[in-house]
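Dropping the structures in below, format is structure tokens.
Look for chain A in each of the two complexes below; its partner is chain B in the first and chain C in the second.
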Partner chain A sequence: MDILVCVKRVPTVGGVITLTADQRAIDTRASGFTISPHEECAVEEAVRLAERFGGSVTVVTLGSTAAEEQLRACLALGASAAVLIETADGVETGPIATAAALASVAAIGFDLVLLGNEASDTGDYQVGIRLAHLLGRPVATGIKSISVAGDESSLAASRVYRGTLETYPLPLPCVVTVKEGINLPRYPSLPGRLRAKRASVRRVPLDVPAAVRDVVMTRLRVPDAPAKQATVLGHGPDAVPALVAVLGEIGVLP
Partner chain B sequence: MTVFCLVELDSGGVAEASLRAMTLARGLAADAGAAGVTAVAFAAAPPGAAGLGAELAAYGAAEVYAVSGIDGYAPQAWARVLAGLLAAAGGAPGAGASPEISGHAVVAAGTERGNEVLAHLGAVTGLPMAANCVAAAPVPGALALVRQRWAGLLLEEAVLDAPAALLTVAADAVSPVPVSGRPAAAVVHELTATAADADLVIRAAESPDAGGGASLATARVVVGGGRGVGSADGFAPLEELAALLGGVVGVSRVVTSEGWRPHTMQVGQTGTKITPDLYLACGISGAIQHFAGCSGAKHIIAINTDPSAPMMTRADYAVVGDLHEVLPALIQTLKARS
Partner chain C sequence: MSEIPTRASAVVIGAGIVGNSLVHHLALLGWRDIVLVDKGPLPNPGGSTGHASNFIFPIEYSRLMYDLTRDSTEQYKALGVFTESGGFEVARTEARMQELRRRVTKCKAWGIPAELVTPEEVRKRVPYLEPSVILGGAYYPTVGVVDSLRAGTLMRERAQASGALTVVSGAEVLDIATEAERVTGIVTTKGEIATGNVVICCGVWSSKVAALAGARLALTPVVHQMISVGPIGLFAGTTGEISYPIVRDVDEGMYERQHGGDMEVGSYMHRPIIVPPETIPANEEAVLSPTELPFTADDFDPQLAASLDLMPELLGDEKAGIRYAINGLISMTPDGYPLLGETPEVKGLWTASASWIKEGPGCGRAVAELMSGKVPSVDVHEADVARFYPSSRTTGFARARAAEAFNKMYGIVHPAEQYESLRPLRTGPLYGRTRDLGAVCYETARWERPHWYATNERLLEKYAGRLMDRPAEWDSRWWSPVINAEHLALRDGAGLVDLSAFTILDVTGPGALAGLQRLAVAQLDVPVGRSVYTPFLNEAGRFVADLTIMRLGAGSFRVVTGAADGGRDAKWISDRLPDNARLADVSSAWATIGLWGPRSADILDAVNRDGDSRPPDTFGMTGLFELGGAVVLGSRISYVGEYGWELHVPAEQAGYLWDLLLDAGGPHGLVPVGIGVYGTTARLEKGYRAFGAELTPEYDPVEAGMTRPRVKAEAFIGKEAYLAARTAPPAALLCTLTVDSHACADGTPRYMLGGEPVLTLDGARLVDAYGRPSCVTSAGSGPSVSRHLLMAYLPAGLAEPGTPLLVEYLGEQYPVTVASRGAVFDPSGSRMR
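Entry: the complex of A and B
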């Protein structure tokens, strides 16, 4: 099975989000970059499928040169090839253009294309579906379990929606977007990391499709946090009586 | 202008997330001077389409399409029906849509299904789609939107300039508000759709969930555990306390990454959003991605050795201390009371 996984470089945000002065991006001077947890699981799922059925795992990202860092991280986890669709620094392509660019790489030679259900930064919830339509392939989204038929002609992808298990039987080739929880991603091995360092990343230029009309961001803002100051009930076990009193007020005591 | 709203049905009628979507859609319709919202519901056999009409009229529907003929949930086939309704409303947008704004909109709940169907609709029509909006208002020639990024930790102000606007509504940001007074009854159209086989390739086979992760989302009390719990075995007092309070245990991503507990128990951006009366967060630092899942709790109490952890400052109440000392003492006291 030849599998393509689409990953996106996003800022690592911790305790607070700080914006740049022009309010159009997250200030990443003090933070690093990563891929979204859903995509980490997509890479892991692809590597497991390739371990089981044979074949290859290619990772692709649309981003600036710096996104090579994320591609190499995926190579260290077991991906066998990497493609960078290169954009100018600081350019944010919308989901329509992103899907079109990914389609140019995904169109030939892959039995399965995996993506995250949504990117952790923009959360557009659509690149996988748009990509599937461009490829003319079926797509299942938000998937928490994939089982491929022994003859590799189809798979069953499932998710839980409002307490109901939904299973999507799809013929291959197809597109699946996954969510964290589908597996527990491994840590990169030392040989993996060394291999990733030496591996070559194929670069393709971004062909912007003519006149893409997408949602246009004007600015970002951090929502007002409720101005709350916690009441300290005490230190250690001595705080228990006060704690019990609060549980009583809230109305959760048995 | 027609404002369509895809509404999802559950056993109790219209799903609450869809009533929120109806509320935002109604505002858009009013701004545009439309008579009301045109609601679209998919059901194998319309379960009392008249009842559906009354329920939706209370949230601003002027018309309701009760669509039958598609067995089960088939997102691409649903999108095709919406595309047909959109085209029939006039000013049909296509891949090479005209630059004029015909001003139609299709709104859905920001649920897995709502986002999925609208993304298919976007792909089928070539229209842009904005997920998880918290506000939408017309500005000359376009729509001004506010939408969630980073699971709501960041807001994006944006402009959508397209022949028709496809929007989903963030599940936790718009309250469902019924229309005031007695609404006129909605006109109900029963529509039998015929879906192409190619669209029906994507169709869910439904069965009851054996996993049982659903209780976290609806629990009244959640006892949360993070890295501070220290190990898989360290959860014993949290589980005992949760049982005493009639609640369940929820965990941070560190706990699931370590393999101490399964991902179905994770609270946060990539886990479950919880809305309990009490969230008792033990040994959790309170990263923003974790807050994205627990900010809907009515009351938060944090237990942490570090008084400056974000969880401790953003909670309602804080206990400074080692959870492995505080929890056993609390359990003992609660047991002695009963």
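Entry: the complex of A and C
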């Protein structure tokens, strides 16, 4: 089966996030970049399905040429092809434009389109649904398990919602957005990384209708760090009774 | 949470391996009320110690680095955190095979177990290494790994347990308070501490922290990329951290080191990535830690391919993933040595920085000893932070040299290797003239010093057959037969030497004499107009400096020393001068021209014009005289063993005098002569000792053969030890040796360059009663004696002329003979008088 995985270049951040001076972006001068954890799982799921059923895994992203780094990281994990929908440096596309651009790539040739449930930076929760709508395909979101039928005509997508396991049968082709926990993503192997280095990335220009009215982020604010919750129970052996009491309270001790 | 103390005897900033070691040694030396401050959490505050690969190869060419590594390894062993694994350096090229022979020979000098091995022998111990990729290797069985975080914790806790230390973590240093260039305290985010001693052990942050006190450190953070690949199937059954030897794939600038179930692969071959300290993220901002920056995979990809070639099955396993990958930050200095000691700018501001894991505990011990006024147990003068002049303490210089040296980390670096970045910076007033003469300049303390002159190539024909040419590329790299031609021309006629790079220090004031008397072994209470050549000693009676002092007036002395030593010497003197004397560095105001050779008197006569006066003619006299209508301070001394003068002239008149002498001297055979003659060939023929080579804090004047007939009555530093040494039989004596045969196995004549081990006739290592190995301290041609000359300290029993010995060079042994404990050319010194 042929699978398309949509990924997004996002900054890696530490415990404290610093913003740029205009407060419209994260200061990434000391950051690295990665893809969202949900997307790492989507790539892993696609690679496992391709390993099992044969076929191909194509990764696609919208971004500047710098985003090739993330595409190659996916290639190193086992994706077989990569497409960069090239945007100008510093241009952020909203969910409507993003879905439209992805649809142009996803429309032909893919049995399954996988996305992360939401991007770890903007958290729009929209692109997967909008993409399915544009493609006219069914979509299941927040999925933590995928089981493809032996004849590759359908799949069962499951998730746990409020303690209940929900399973949705979907005919292929379809769109599924997955969440972290669906699998444990692998690390890139050395040969994989070298294959990725040599692989070519297909570049296509971003073609968005001028009249798209999209959501626009105007300003970011980092909330004050929460006050420290730690309480010193005591020092050395004297602290034992207080510690035992707390452990009892939270149910660790009988 | 303990309260932050308001006072401390010393505040050590930085709880990495160096800071922890330092507080431990301070406590052992009796310090109390020490405070250790770090902005990060313990035990891993986020500096370079936290991501170090933690392995130790004992082999180093530099005596300093070898000794620091040895001391540190002993300390790690005593703490129980050392695991021996063995280690290989493998060669992919013939040039590297020669380099490995050189390294194994150096191991012999230090007494480190090491052997050359075949590819198959490497594979026996490293079964996953592809032998067809390499030509051979060197095996070092005593290589090992350490747990540096544990070592730091143990040392810190011992200091705490002894009651000497308070530890404050999570406190960032905001300011270092000073008063009249002296430390008075620090300001942290948790409060202020009054103290007279602040020690910067801040690794990659060190220059930023030093700047708080107005001091500059020649140090820059650079990236060292490392990945960890696993799980490695082969390692699944092994116990502990390491079961297979570490492999340094030196031609690819990489290492592969087992770490539990993973293989760590590190590289020094990616593009140099310099990181300004102000851009290092705070602990809270960092994804991993402040010094584990995001991995830039593109930079590492070529290294992946190289490592796959070497270990195809193990690293090519599709099931093994790159689980961890960092752009790790490490510190680099312009000369690769740590920065140890008190900064020249601020009293009480110390540093122990730019140390690797393998030198950390040794650096901590050395600085603790220095702070305690003790002679360090490891001679660390080459790491003295004061060695860098202000011109070498710039950010741009640190970055440029780090960028240039980074890829040489595992490189084949020649002993005379020259660096190219940011040159020329310090050029004397004769620079344009010497450049026009085709001067090939070497750099010392950023000065450009002509080593030989291309225009003297015309002499090659004249002296053909006497030039001791070196057919092997390695021996002749950074060398020219023109040096030997200049040497012969100087001995035949005369040579003009540009010595503008000298450090010149004027010590003046009512207390100048008393102040200098306390430092110098020689009597300085001499008539005005005398030049005195003298060592300075430390409290243990060993050399700390070797210089010339001219008495210019009752309370006026001029100290002349080498460019490489001037920074340290100036600090040694000014730290010890009384209040009523002061030191001024006038190096930039004065140029020095050497005029030596049998015809030099004729040349001065030729220059002499109406009204000029006579130069001082008695050996050792100094005086102002008029030459060509200019005023010159002439000194009748010589470092080349010929009649002549050191002519000191105001910088703006140097060009005039140079032209005058060169023009008038032509008919007398005067040629410009470079430092190749001055510093090596002429010096070696005369057996003159050089600071840093023969004269180091490892040896005393008796061993160096520099005792004077009488000892002055006045006290001086090291006098007691010096007196004791004079009465005891010396353990070693400095000798000049001649090489009897140069032919290597394939018949090519080879010429030693220095540093080689001296061996007994049956090839055994020579060590004196103190355990000091006999190594070649200086090597070079002796064109006037037609012999390649070596200097070395030999155990006293062997230091007799005529004693036959061996010297090992690049893995082969050559017969040598002890020639003299003094000069092999003109031993009576008649030519100088």
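What we mean here is this: the second predicted complex is superposed on the first by the 225 of 254 C-alpha atoms of A that agree within 3 Å, B and C clash if a C-alpha of one lies under 4 Å from a C-alpha of the other, contacts with A are read in each partner's own complex, and residues count from 1 in each chain.
Just so it is clear, a residue touches a chain if its C-beta (ideal position, glycine included) is under 8 Å from a C-beta of that chain, and two chains touch if they have at least 3 such contacts.
None of the values given here were measured: they were computed from a predicted structure.
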Using the superposition on chain A described above, determine whether A:221 touches chain B (first), chain C (second), both, or neither.
first
After the superposition on A, what does A:96 contact: first (chain B), second (chain C), both or neither?
first
Should A:168 be classified as contacting the first partner (chain B), the second (chain C), both, or neither?
first
Looking at A:14, would you say it contacts chain B, chain C, both, or neither? Reply first, second, both or neither.
both
Is A:213 in contact with chain B, with chain C, with both, or with neither (first, second, both, neither)?
first
Is A:88 touching anything from chain B or chain C once the two structures are fitted on A? First, second, both or neither.
neither
Return first, second, both or neither, reflecting whether A:108 touches chain B, chain C, both chains, or no partner chain.
neither
Can you list the residues of chain A that meet both chain B and chain C?
13-17, 232
Chain B residues touching chain A in their complex are 10, 15, 73, 75-76, 112-113, 115-116, 118-120, 122-124, 128-132, 145, 147-162, 168, 201-211, 213-214, 220-221, 244-247, 253, 256-257, 259, 262-264, 266, 269-271, 277-278, 285-289, 298-299, 301-302, 307, 310, 312-322, 325-326, 329-330, 333-334, 337-338
Chain A residues touching chain C - in the complex, by the definition given at the top:
12-18, 29-33, 69, 72-73, 186-194, 197, 232
Chain A residues touching chain B - in the complex, by the definition given at the top
13-17, 26, 36-38, 94-96, 118, 120-126, 129-130, 132-134, 138-142, 159-171, 179-181, 184, 213-223, 225, 228-237, 239-241, 243-244, 246-247, 250-254
Can you list the chain C residues touching chain A in their complex?
1, 229, 279-282, 284-287, 293-298, 301, 304-305, 307-308, 315-323
